[in-house]
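When the chains are written out, they are named A, B and C in that same order, and each has its own residue count from 1.
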Amino acid sequence: MEYVIQAEKLSKTFGEFKAVDEISFQVSKGEIFGFLGANGAGKTTAMRMLCGLSIPSSGKATVAGFDVYKQTELIKKNIGYMSQKFSLYEDLTVKENMQFYGGIYGKSNQFIKEKTAAIIEQLSLQNEAGKLVGSLPLGWKQKLAFSVAIFHEPAIVFLDEPTGGVDPVTRREFWGMIYQAADRGITVFVTTHYMDEAEYCNRVSIMVDGRIEALDSPHGLKKTFGTDSMDSVFLKLARGAARSAD
Amino acid sequence: MFILLGMPIVEIIIFGFALTNEVKNSKIAVFDQSADQASVAITQELNASRYFDVVKDIHSYSDIDAAFRKGTMKLAVVFPKNFHEDLLHLNKAQVQLIADASDPNVATTLTNYATAIILDYQDRITQGREVPYTIKTEQRMLYNPQLKGAYSFVPGVMAMVLMLICTMMTAVTIVKEKETGTMEIMLVSPLQPFKIIVAKAVPYLLLSLINIASILLLSTFVLGVPIQGNLLLLIGEGVLFIITCLTLGLLISTSTDSQQTAMFISLTGMFLPTVMLSGFMFPIENMPRFLQIISNIVPARWFYSIVKDVMIKGLGFTAVWKETLILVGMTLALLALSIKKFKIRLA
Amino acid sequence: MGSVVVNNIVKTYGTKKAQVTALNGISFEVAPGELFGIIGPDGAGKTSLFRILTTLMLADKGEASVDGYDVVKDLKAIRKRVGYMPGRFSLYQDLTVAENLEFFATIFNTSIEENYDLIKDIYSQIEPFKNRRAGKLSGGMKQKLALSCALIHYPSVLFLDEPTTGVDAVSRKEFWEMLRRLKEKGITILVSTPYMDEASLCDRVALMQEGKLMSVNTPSGIVEQFGKPLLAVRSGNMLQLLRDLKQCREVEDAYPFGEYHHAVMKKDFSQQELEACLKNHPGVTIKAIQPDIEDCFMDLMKN
């Protein structure tokens, strides 16, 4: 099995506070990996380390084959990132946004041109390609943001609550896009507050107080905890949390 | 965008053409006690130069004093009795130059030009004579005998600091409430919106009073600029100006939604005009007509003039009532406008 | 007489050229003491509606009243009796927890003691941190403080704009439990949320999308309106299953839903034909289920 993310006893401490406490896990190529946890459980810190934005305090990890201590620049080149807040440039057009991001990742004009055309086709944005992103409805923006996050064909894409506030139909279309990306071999690492979305993941980890308390397929988790929904698995685990902070 | 690109152009034009320290057609008083051949000739030369316009209806030292108080003239040339006779018989005579030195730069420039013209005349009549005529100029710097720069910049700084603190801070703090959303909750409370504003403004009023006090203390004890006039009057005028600035800040806050914009408007819209058009850096009399007209709506111009009159020249309320009235009028107008514009709702 | 009455409210933003209709003829009524949910995604118009009802904004058309007072004319009366918690955390970040509460008590002409029993439940949970600055609180605690502040004057109607957005499942559950207890004290509560699963916690809900109310009913009433058979289907290859389901003649709509796919069926479908259509999926599980609010929302959206 080819692992795209490998973390071993990865930790981050801020003074006395162990934000992330010895987490170990692997994510394989093309997997959709759900990363759950209550606010303050340490998800964001862990994700930042994996994206090369924050140097771990101890432990080992590689992302797309690169070391999170020394090769952060290479990591950044090989991942995509999208969050609910991080959006596209609202005062650039759909096309310009794609050209801009393609340029950032050093893609050739030829590549950018073809890829842009493909995305516009896929999202049926032919009539909107020249419009400012700011004028699009939220759901479209989110789908477009995802397309831009994987524009440079990264090995992994990190999605931080990508579907917050999006209507249920668009949310499903969004997940359809995630499946397609995973099908192409892009590994998807996603956090969400929607428990039904956890079900769409191949495997789910649940963080409590800086540690990974459970890691299994949704089906396996439900079986282990003897319930029939991810919601109650999550509540069972998170209720035991000692800390709550952002 | 327009502002970013336009600002430098406007500034260059204003600085380059409009704002100059050069003296042009400045009104000067000639108090001619001898009215003889020589004094009339010199007066004509003064009048003929492009620097000066001579005003002739000055018949006593008190006329000069009055003109200075009114601020219409900044230089007086006084010919003593028997000017020409002295020159002919003693080969030397004296001219007195009295300057309003509350603005030391202007005073120095004016006296220098006048002296040069007089010396020119002296050289001309001396030509071909063995014993030269000497016209001695005696200079008197009124209000600021040592020509200290502080005399002019203390009032200027006062106007600037108050403008900056009151206008910008009021605007920014109110807009900040809009930005963080606390204004939203405040509005949905029985609290009267105007009370919110007053509550926001009062701390800055107090803060500014402390500023006035510290500026005055520093200028008196460290810079050696004495307060010639009535201290209470000075402070009273200060409070008036603070209120003007606060209402100005309020007006800005009612028309903007982000702290950045509020800051920008306060800086470019208020601060720069205060510096450039209040008469503090560049004499208003020397500005082109249109800038002089614009300077009339800059509150700091009036305040600067009040402070100079009261603090440096030691004049009383009778000398500044006009400026005071203008400031009061401005404040009321601004207040009315911002009350009208203040929204009891969000949008 | 409803506690909140909304009649044909229209609100548009922007210039004539690029006009956005935030609210497009909204009407509903909320009974006194009701816990009423407004459910819809971002951009549905929830915040605009709340701002109009809390007198912060004027509608272009239509009228509304809160507690019998008109939202335009009786501005002051309404501002005295509603509690409002905007979507963003809107307290003074650099005041402490206790100072914030004190401050809000003062501006509403009351004292913390006067209505302490109302907020005791909620405030006691953050009281240990009362000397901490509000800006340093965690998300869940900020929310509790904001709710305490909104309740300090014992409002008769409480408006909560997306109080649970971005909050984790545990805190969300706690928050709804608090709302239940407030409701028992007779306070009318209007709460907006993008989370469909929260609908079942309300007495009645309005489903909102693109400035329109698609349905106003009790949660069970909305489910009853669905009126079509719904199946949950599962197999070894879920991605292929979804594609195949969409091909089946009797399937009106199919979409992923948790670990199953939901298939909305035509009224008189036959189970055999469906099984035949999915013959490529050995071990497929098919069971008839009750729709939940999300199913209904999607159904209404598509119509």
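What we mean here is this: a residue touches a chain if its C-beta (ideal position, glycine included) is under 8 Å from a C-beta of that chain, and two chains touch if they have at least 3 such contacts.
Everything numeric here is computed off the predicted structure, so don't read it as measured data.
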Discussion item. As a test of understanding: of all chains, whose mean C-alpha position lies farthest from that of chain C?
Written reply: B
Response to the item:
Of B-C and A-C, the pair joined by more C-beta contact pairs is A-C
Worksheet item: Rounded to the nearest whole Å, what is the centre-to-centre distance of chain A and chain B, using the mean of the C-alpha atoms as each centre?
Response: 63
Worksheet, complete the sentence: The distance between the C-alpha centres of chain B and chain C, rounded to whole Å, is 61
Fill in: Separation of chain A from chain C, taking each centre as the mean of its C-alpha atoms, in whole Å
26
Worksheet item: Which residues of chain A touch chain C in their complex?
Response: 37-40, 135, 137-139, 161, 164-170, 172, 175, 179, 183, 193-196, 199-200, 218-219, 229-231, 234-235, 238-239, 241, 244-246
Worksheet item: For the complex, which residues does chain C have touching chain B?
Response: 51, 54-58, 75-76, 79-80, 82, 84, 86, 88-93, 104, 107-109, 149-150
Discussion item. Quick check: in the complex, which residue numbers of chain B touch chain C?
Written reply: 180-182, 184-191, 344-347
Item to complete: Would you mind writing out the residues of chain C in touch with chain A in their complex?
Response: 18, 40-44, 138-141, 165-171, 173, 194-197, 209, 239, 255-259, 294, 297-298, 301-302
